[in-house]
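These notes concern the structure reproduced below.
Note that the chains take the letters A, B, C and D in the order they are written out, and that residue 1 is the start of every chain.
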């Protein structure tokens, strides 16, 4: 047990990959076995990750379950893993959603099953690795690896315009991350110039002193890299296409986990590495975030395609998270991190439902549905809960995160917060309107008469998410108590730099307000 | 948890249990669903009465269930605050709910969603109880939205009808607009006081700058405007009548819509420290009361008329709490809950008898066929019109007397005119439905409703007749005032009395107004003394204005909904697809065409590759030589 | 004196290799050129290499080339068009290249003789023995690799020359 | 003789060989030009090795010969295959290595 806990992160990271290699030796004709085995293995993975949650010391902000080995000695790269309250939940989210998306694809993925499950497991490895890595090089490695399986998942099992979307997805994110790599390398070299030793250890790089002008340039570079992933307003067009064309499992992972990397990157890398530049550029970032909230909501309102609607709603939700993160108060950052989890859960569930509807009718156009609530009471009820969670109805998870974000940002950025809050109204408009057109009214299309309700597998797929929605909504303490120390430490670290920032502000007379 | 706490928590517990049971196992419960739903509410009502007795003899207290959101300095609990105001609300809510639930057993009989209906209703009662019990603004906000959500699913209960699902959506979204303000208010309270607990927040009010208090109060009031359907957010309530009638009775007359009034009364400290905000409340209330009554004059749908009447009566309540007469407002809230609940139930009974018909023009002469319904309806109507000794007389006059004596003459005049119109439109219903000539479709078999429906109606009617006596004028010496006024003592007195006219003088004026209204209706619809068509023609603009609900829906549609939709389409088609995506794809195409040119260099001729290589070698050698 | 003779033969025959139209003529001139280079080796006291040069190049490789020319009957393949554009650039660039080599050659690296294998020393042992000693001691590994390379080349040639792939 | 003289001769031979590679279109002649370039390099090795009193240059020449032999076998094999494929040995016909 002791050894298990000591190396639990490595086990978590490589277990799916090893499982994938193991599945490689199974005959591809045997699709049933492949599916069941892959799902089972991802469930095992999820159960392993629960140990993280149980043994996580909730009062500490330091990294836990740390593993450190020499990797490339010449330029100081190490195999350095560790998690804090933020990455803990993101890893849990990853393992849960991986399991769920494998379980959800029993019907959706019909061809190349073997390749699909292996790619999904590989993807899981890379995602967890990205969250657990504390070494920039290791982080970047996992970060880029992640794109490969996703590219194939969209490109092979996607719908109509899958190749276009897959290429767009990979080029967009690759362009962003290469700009980011440039920034990271500059910091690496600066650190070498200052201390005379090569290191990719993020905790050591935090102490790098970067001159302000360079800091702003680097911040913009790294910002673009992460902003593409989030996605922040003008960098979002890949998202709608990728989400829409990806298979259900792909959409769930994209929305549930991949979008989180942007925020996680800001939290772990961009902001602590360049705090002064962050503080100076915050107003601009917040403007983008708020535009994203309203823009995403408005565009989502007039979509005709269900998946596209959910995709644009993601843009809106991620805007809230950006707002909370960059408002930089303990409450709002707490809310942002919680909202990351919430968004993964609710949007993931929304995509699952859209996938279920698609499996039944082979269309995603809202106008093709209507009146099916009568035929599918269970689906309608669970879908409703998910929609409400996404709207941010109190008592469900979305509310807690959104409210913390808004209340935390309110004092310093009142105007932004007020505008952002109006996004809550739009959320109700587009989601309820969608729900009404899909579920309510009379059946107008005779094909909908034959609608089948959810079977046991589908209910099992959804239930964990619904449970979490209610749980986080009613009793978020287990989550917040683990997130809070990390976040408080983070905010204190930034506030520490406020002094220098204020000096700069006085000197250049920026933002005198 | 001591016994008192246990008592408190058992009140919301039973409806919640009922909601879960019915929601999950509803399919298997069949007709028992109605009994389970009703019994859970009745138990809850009994506990409420017990709590009422406990609190009446002691002071208020707080009961904490568990810590809810603890993030850094933001700390809120799931906890309740019990004082006299909350227990009065509690008894009213659970009492009316219990009666409506019992009524629903008869009304909803045979509906496919019988169990679903009771599950939703129990969920609503749970949320409403928690709303009343909450001890901090966040919990209040949570259940504020939760009752809105219950209202949403209940309005859209018959979701196959497009009108019903549209109305549900409209209700939710309009409420959201109000809640937007409310939410900002809650945030502002936290930011300026650092806490959300009622007692701590109220304690800090005197020390806050005036403008901040005003903003907080106005933001909170925005929530109240949405929930209580005041102008300009009243448009959802008439449409909400698409839901089953008991829902209209419980949610859209007796309980949920009065939450706004409860909010202002609960936050009376905040409002009293901002006379400006209070006056906004009062005048919006007064204007809404007048506007809604004006619209109600010409409508033909019974339920819609009663809905406008609800809006109008809620306006009275806001008028009362806006001028600082909190007890009077709450008194009207209670008596209104009783008689308006009654009116809806009886309207439902009529509708039931008429197989769902609601149009005034297709009724008449029903009195002989459904006596109980008719009598109870008339009792409710008399109470609404403010005719003594029915409850509406006492409560409405408590408000009107205060408006006059506190010097708000404009409000008083509006109130009196509204009282006249109120009496007119409600008796317009009575005369056209129960008396006069019959326009009933002969194929409809009109019949009296079953006992399970009539008994709650009778109970409510007798309550409507007697409940006013707890507030026998002069109001500030009445039982009700003396019981409640302890809770309002800590508010700042911003509107002292300027006149001391005796109550009977003022009352007689309003009774006169009411009686005049009834008499006018009598002249119109029984005597047929005037040619209605001619009057319609003479007052055509006024009539059209009233008949088309002052065009508010259309104005919103033209001013907000359509432009917003067009703007969104513009954003999607032009900004997103054309500008941003165009830029991205343009960049990609630019690279592609550039590479298309560059790739010509690679012509496949081995010799030219070799030549290039050689040139490279030469250049390298030259470089090293020069270096 | 002998050096100049060999130089003239080598350069002349090399020019003829690339200028003569008939590949067979080119091949024969190339053989001549190889012989001249072997002559250089002799002047430089590397008789063993000279022998190898004649055996491997002039003997084995050129025989192979001539064989292929015969086999494909290329002796009269003259109708290949010329690309003057390419030729022009090539000539210019090779004049430049030669110029550079020339500059490097006369500039020298400034290195002085450091090794112990002076001409006299080699003569006492004999150059064949020395090379053999080196090949089988210090360079044994590359030597073995070379043998594998040859094996691969044999297989490769066999595969390429097969009628069907 | 001076070392420079050998190197210049080697340079001339190398240049002529390279020129042959570039201006001739006949695959066989190109191959022969390549051999010429090898030999020029060999000459340079031997000359420098002798000048510096070393032996490694000479050893290297032997390896170059090995490689040249191997290359000859392969290259001529390719030439035959190419001729069989295209019916000519015009090197400009080998133009598929593009785009």
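Here is the rule we use: contacts are C-beta pairs under 8 Å (C-beta built on N, C-alpha and C of every residue); 3 or more make two chains touch, one makes a residue touch a chain.
As the structure is a computational prediction, the values presented were derived from the model and not from experiment.
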Neighbouring chains shared between subunit A and subunit D, ordered by label: B
Selected pair, greater C-beta contact count between A-B and B-C: A-B
Middle chain, criterion being Cα centroid separation: A
Chain whose average C-alpha position is farthest from subunit D's own: B
Subunit B and subunit C, separation of their C-alpha mean positions in angstrom: 100
Subunit A-subunit B separation of Cα centroids, rounded to whole Å: 37
Computed distance of Cα centres, subunit D from subunit B, in Å: 94
Separation of mean Cα positions, subunit C and subunit A [Å, integer]: 65
Numbers and ranges of subunit C residues touching at least 2 other chains: 83, 86, 90, 94, 97, 101, 104
Two or more partner chains touched - positions in subunit B: 607, 611, 614
Listing of all chain pairs that touch each other, if any do: A-B, B-C, B-D, C-D
Subunit D partner contacts - residues on subunit C that touch it in the complex: 3, 7, 10-11, 14-15, 17-18, 23, 26-27, 30, 33-34, 37, 40-41, 43-46, 49, 52-53, 56-57, 60-61, 64-65, 68-69, 71-72, 74, 77, 80-83, 86-87, 90-91, 94-95, 97-98, 101-102, 104-106, 108, 111, 113-119, 121-122, 127, 130-131, 134-135, 139, 142, 146, 149-150, 152-154, 156-161, 163, 165
List of subunit A residues in touch with subunit B within their complex: 168, 171-172, 234, 236-238, 240, 295, 298-299, 301-303, 329-331, 334-335, 338, 371, 373-374, 388, 393-395, 399-400, 403-404, 406-408, 410-411, 417-418, 421-422, 424-425, 428-429, 432-433, 436, 439-442, 474-477, 480-481, 483-484, 487-488
Residues of subunit B defined as touching subunit D within the complex: 599, 602-607, 609-611, 614
Subunit D - residues contacting subunit C, complex: 1, 3-20, 22-26, 28-29, 31-33, 35-36, 39, 42-43, 46-47, 50-56, 58-59, 61-63, 65-74, 76-81, 83-84, 88-90, 92
Subunit B to subunit A touching residues, read off their complex: 66-74, 138, 141-146, 149, 152, 156, 159-162, 165-166, 168-169, 172-173, 176-177, 179-180, 183-184, 186-188, 190-191, 564-565, 567-569, 571-572, 575-576, 580-581, 584, 588
